[in-house]
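Order of writing sets the labels: A, B, C, D and E. Residues in every chain begin at 1.
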């Protein structure tokens, strides 16, 4: 089954959807869903096949673009296709009343196709081409809503162009020194390269992928982009698109440079991996606690996206087989949870007319039960409660940190989880629990096409939570392709030699505990359902206001740690832009408008030329 | 203003130094003729023109002159475009000017009436004998233009019919390019001298040269007149 | 004496070119700048002609058949100068017409004041 | 076998005949440039296969090469001639319905003669003839910049004229000195005798010629005229000036440095100049709020990139700069045409007034987006392939100075991305005021914009169409012995 | 030879005068005188064609065009 068909189907599909959009909305929606479903099926069929095809040649640079499929690319391809399909399904209802809907569907499918292209490409040139197409596609989608989204989109595209130009610099220097850009041949050629050159390459690639994966210093575009983008696209953005940076890290650090070479970089403690781990650790702590302080639900989730990205970087930074597996598994887990939570926020936004401020919402549990369950599954997935998928991956990351005895990194990871629990509780409580304000009295549940993706993702969280073996089998295949000795895993968890993790026992224990709690609860005194406001208040008129105290949840915490968590990196970037703007203003004044000065420039240039020669010549 | 003067003087001194250095390599008056030997020795029998400069201008380097005529054509058209004022504005302007422009003095009017045909004759003589005596299309045209300039000075209100000027201009330009294209058709080279050379030193010799120079003479003459007319802003 | 003779025409052409450039650099009146352009053109024409001049030879016109071909001045620079003069006039006419239009709009010919377009 | 001298003779005949056609009926004049340039395009397309086998040397007037003016129609010449005729043809279609200002007959004559000048520069093999065609190009562009006769137009034309004529005088001085040194005007003849003169004094002549052509090629200190001229000229003219006129200046510099003077020591200095032009152009462009002035400054930036690539003396470097010339000509012509019509419809040049045009003029803004993405160098478009080959050519040189240069060039690309993305956002994602009466552009406007956009995508996706011709022209520029052989060796 | 030297000297003086004159008409006249002397110099350089051209175009028409232009704009060069 040709890889090129996947790409052709997805790119042409986007075109066809746009064209059908010209005729009728219904046909376009159906065809969009069908195209993304077809892509999911095609990727699913290509499970464990090893394919390598040259699909286009550029003779004047004697280069050829080629595609390949192995476990790593299949793993990310299925995530891209899955989340893409679900977000298209989710946006059927969501996007209905926006204008330029045809453009939206075209761009969604185009960005998905770009991501598939990145994941499947086998040489850096096609990798870069698809990477850039994905970037400017995302730029158009982020600024799709207009208003504040325009500034967010511009901020995103500038940082992503800067990152990808750094990457282009490294790619072309690779091509200039080795004459080929194929991953396989580069992997062997780089073994004999000088450590300094490899460090330079890795630095450039880390900048390029770091911007996309929002590691700490390069993360400032992410909160605005997620907050302003359309919810279905924010789900794709946080779940999959940002993880392309992760795919890039895995690609450059393990499949090209290779584990053995990585250890040789740097001396003692200062080697490349250790620094990466520390960046990962900082990326966990600071964004998670800034998430704590956010009042806008999307911004809160965006900061969590950065935080969870820190776990993944930490995982693969440790460079043990358990760590790498933990990092990759966490990529999948967070993709599922992040997308699910953004679907939840999107559903609420859809029903409450675009309200995202946590202090306004409340008590929606009665009106939107399915969304509540999905939200509950999502946040428990985010925290890593046992029986959810990220419990397994966080467990693996903690275990490897402890076994490799990095105490401070482990401590940072724990604090991260602790911060996640605090802020995620605020998220769930303010939206679903507490008293339902009047204006949301008639809020109905979201239509079916928006519920299906939420339900599917919640089931996935639970499924991978109980049976981690499914993704771990693929991940061990990936580790084999990296040359790292693969992790021996059972369907339900880890075998004894790496420390027992058997999820079936945990499941059994929790089931028993659940039944016992239920029995106690149902046998106890019958509780009478009481309407909130018919309590006797000695004849006083009972105000209909909110009794709920949940507004401004962590106010005290905000006053204490707020000043420290001010995003200093963002200010640095704005300062930099301001400084360059003023310097451009000075440069602009070269053209004074006076013709004598212009003639002076011409003659100065002539005399300079004569002097340059006389100086050198004589 | 002071600093600008000082800087420009320093620059000009450096340029002067550059000039001196370069001119020292080109000795004045020495025989540096290289390609031109061919023109001088074989000029007459190949082009039939006695005035070698004319044969170089029209035959050997005819493309330059074609470019040259185009440059003048562009200048005239460009001037017309830049100084173009809509019809109604012009009528209004010429009406208001009627009263105060007094007629030119009697001497000037009669003198120019007398001289004008002589100048035209002299101009025509120059460009007809382009290949025999020094002079040619450009010089003859300029003389004709100065003749028209004299008429403009003498009669402040009159001006030439612009329509006929532009027709003559484009016609003579077409003749020049047409001869070039004919050359291409007949002997395979653009602007080649396909007409019989005739006997040197007689009026009807040197193939296409006199025809082209007559066309160029008319063109330059009328173009410079239309330039002056546009500048004076009297055109109808 | 021969030194002066050799350098006489170069001084003339170089002087004219440098004076023309000085005008463009320093003078602020638009018409004065156009005069400067005219000077540069004239200077370059003199340079061209005196490159073609050979001492003790006559003009390249064989009106009387007794001039043998060898002692004639180089005709090519003269052909070039013919073209250059007419190009000079063309540019000059266009420059003056645009100067008239600039004066119509800005009511001044002082270049330091005509600075609508800058930065 | 079509004679290349038709490429210049025919449009000249058409130009002279426009006033005569004008007598018959006023409407015909608008279509003559289209016919003339269409014929030119067809001739140059027919010539390409033949020239790839063996370049044609055509002598004007029938004498053997060093003794007459000859047209050297090599791969470089025919590449640029095709580009000029093609873009000229498209812009002449655009001008039919865009130019409404009164003396339209004079506009079309000047436009056609500007094209003749550009084609003449690219094909001629004689430096004085190069100077004459350069004059034709310059004078017709002076007149056309002042075509609107408004305050801005005349001032811009004034400044352009003074600097341009100073430049032309420098070229004429250079030509005179070359004649003084070698006694011949034929480029190949001079190239073969170049070693016989003392290199130090020869360099001063090269300095004059580079300054002269540099003014038209908008190298850093010499390009003060460009922002004013391109922003106040009619849009079809700024499209031609940005797309073609600057390229002929760059061709002039390249011909002088590579073919005639073989001055390899100055190439590093030219690369540095190119980089300086790139940086200054991009920096100034960032702060503009007038759309055409912004596009003019971005032209300066792109020309800086072309000259930088020219300064890399390897064959891939020249190949990359020629590729960038083609992709920039297409993209910049498209941008100026699209922006020109938007300004014409909206009424003001400021970028803020372009808000929300994406919905009212979808096709024009879509084409504008393609053009700007191609200029930034995003993948599926022609700009990406040319920028990639420039970066690769600079990297291949392995000298650390070129690594620093290309890093700075990439930073300049970020600046360029900054302002282009801002404009694209204004078009699509911002609400525009009183845009109700604006409708999509008419037929004559859309055809050239659509064709240019399609060309950019086609060359971006499948660059093989033109890479063969580009490689041959890069070889022609670098191997000057080959050039001399064509002209002097055999007719 | 001496006569040519004197002519060149006068020409340079006239050129400098054209720079200094405030009244544009005087400057134009000086410019015409320069081109007249140039045409005489061309005669001495054995270039009759060019001499005629320079005389007719340089001295004749250029001066006329300049004066027409000055009449349409300002006559005196105001310093500031």
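By definition in this document, a residue touches a chain if its C-beta (ideal position, glycine included) is under 8 Å from a C-beta of that chain, and two chains touch if they have at least 3 such contacts.
Because the structure is a prediction, the values reported are computed rather than measured.
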item: Steps needed, at minimum, to go from subunit A to subunit E via contacts; value: 2
item: Longest centre-to-centre distance from subunit D, chain (CA-based); value: A
item: Contact-richer chain pair [A-D vs A-C]; value: A-D
item: Subunit B and subunit E, separation of their C-alpha mean positions in angstrom; value: 19
item: Subunit C-subunit E separation of Cα centroids, rounded to whole Å; value: 11
item: Between subunit B and subunit A, distance of the C-alpha-averaged centres to the nearest whole Å; value: 74
item: Inter-chain centre distance, subunit B versus subunit C - centres from mean C-alpha coordinates, in Å; value: 16
item: Subunit D: positions in contact with at least two other chains; value: 128, 132, 135, 139, 142-143, 146, 149, 154, 157-159, 162, 166, 180, 183, 185, 200, 204, 207, 227, 284, 287
item: Multi-partner residues of subunit A (at least 2 other chains); value: 588, 591, 595-596, 599-600, 603-604, 606, 610
item: Multi-chain contact sites of subunit C, meaning residues that touch two or more partners; value: 5, 8-9, 17, 21-22, 24-28, 33, 50-53, 59, 61, 74, 76, 78, 80, 82-83, 85-87, 89-91, 93-94, 96-101, 114, 116-117, 119
item: Chain-chain contacts as defined at top; value: A-B, A-C, A-D, B-C, B-D, B-E, C-D, C-E
item: Partner subunit D, residues of subunit C touching it in the complex; value: 17, 21, 24, 30, 33, 37, 40-41, 44, 47-48, 51, 74, 76-77, 80, 83-84, 87, 90-91, 94-95, 98-99, 101-102, 105-106, 114, 116-117, 119
item: Complex interface listing, subunit C residues touching subunit E; value: 1, 4-5, 8-9, 11-12, 15-16, 19, 22-23, 27-29, 31-32, 34-35, 38-39, 42, 45-46, 49-50, 52-53, 57-59, 61, 73, 78, 81-82, 85-86, 89, 92-93, 96-97, 99-100, 103, 108-110
item: List of subunit B residues in touch with subunit A within their complex; value: 4, 7-8, 11-12, 14-15, 18
item: Contact footprint of subunit D on subunit A as seen in their complex; value: 58-61, 99-100, 128-130, 132-133, 136, 139-140, 143-146, 149-150, 153-154, 157-158, 161-162, 165-166, 168-169, 172-173, 175-176, 580-581, 583-585, 587-588, 590-591, 595, 597-599, 601-602, 604-606, 609-610, 612-614, 616-618
item: Subunit A partner contacts - residues on subunit D that touch it in the complex; value: 158-159, 162-163, 166-167, 170, 199-200, 203-204, 207-208, 210-211, 214-215, 219, 221-222, 224-225, 227, 265-266, 269, 280, 283-284, 286-287, 319, 359, 373, 376, 378-380, 384-385, 388-389, 391-392, 395-396, 398, 403, 406-407, 410-411, 413-415, 417-418, 421-422, 425, 428-431, 463-464, 467, 470-471
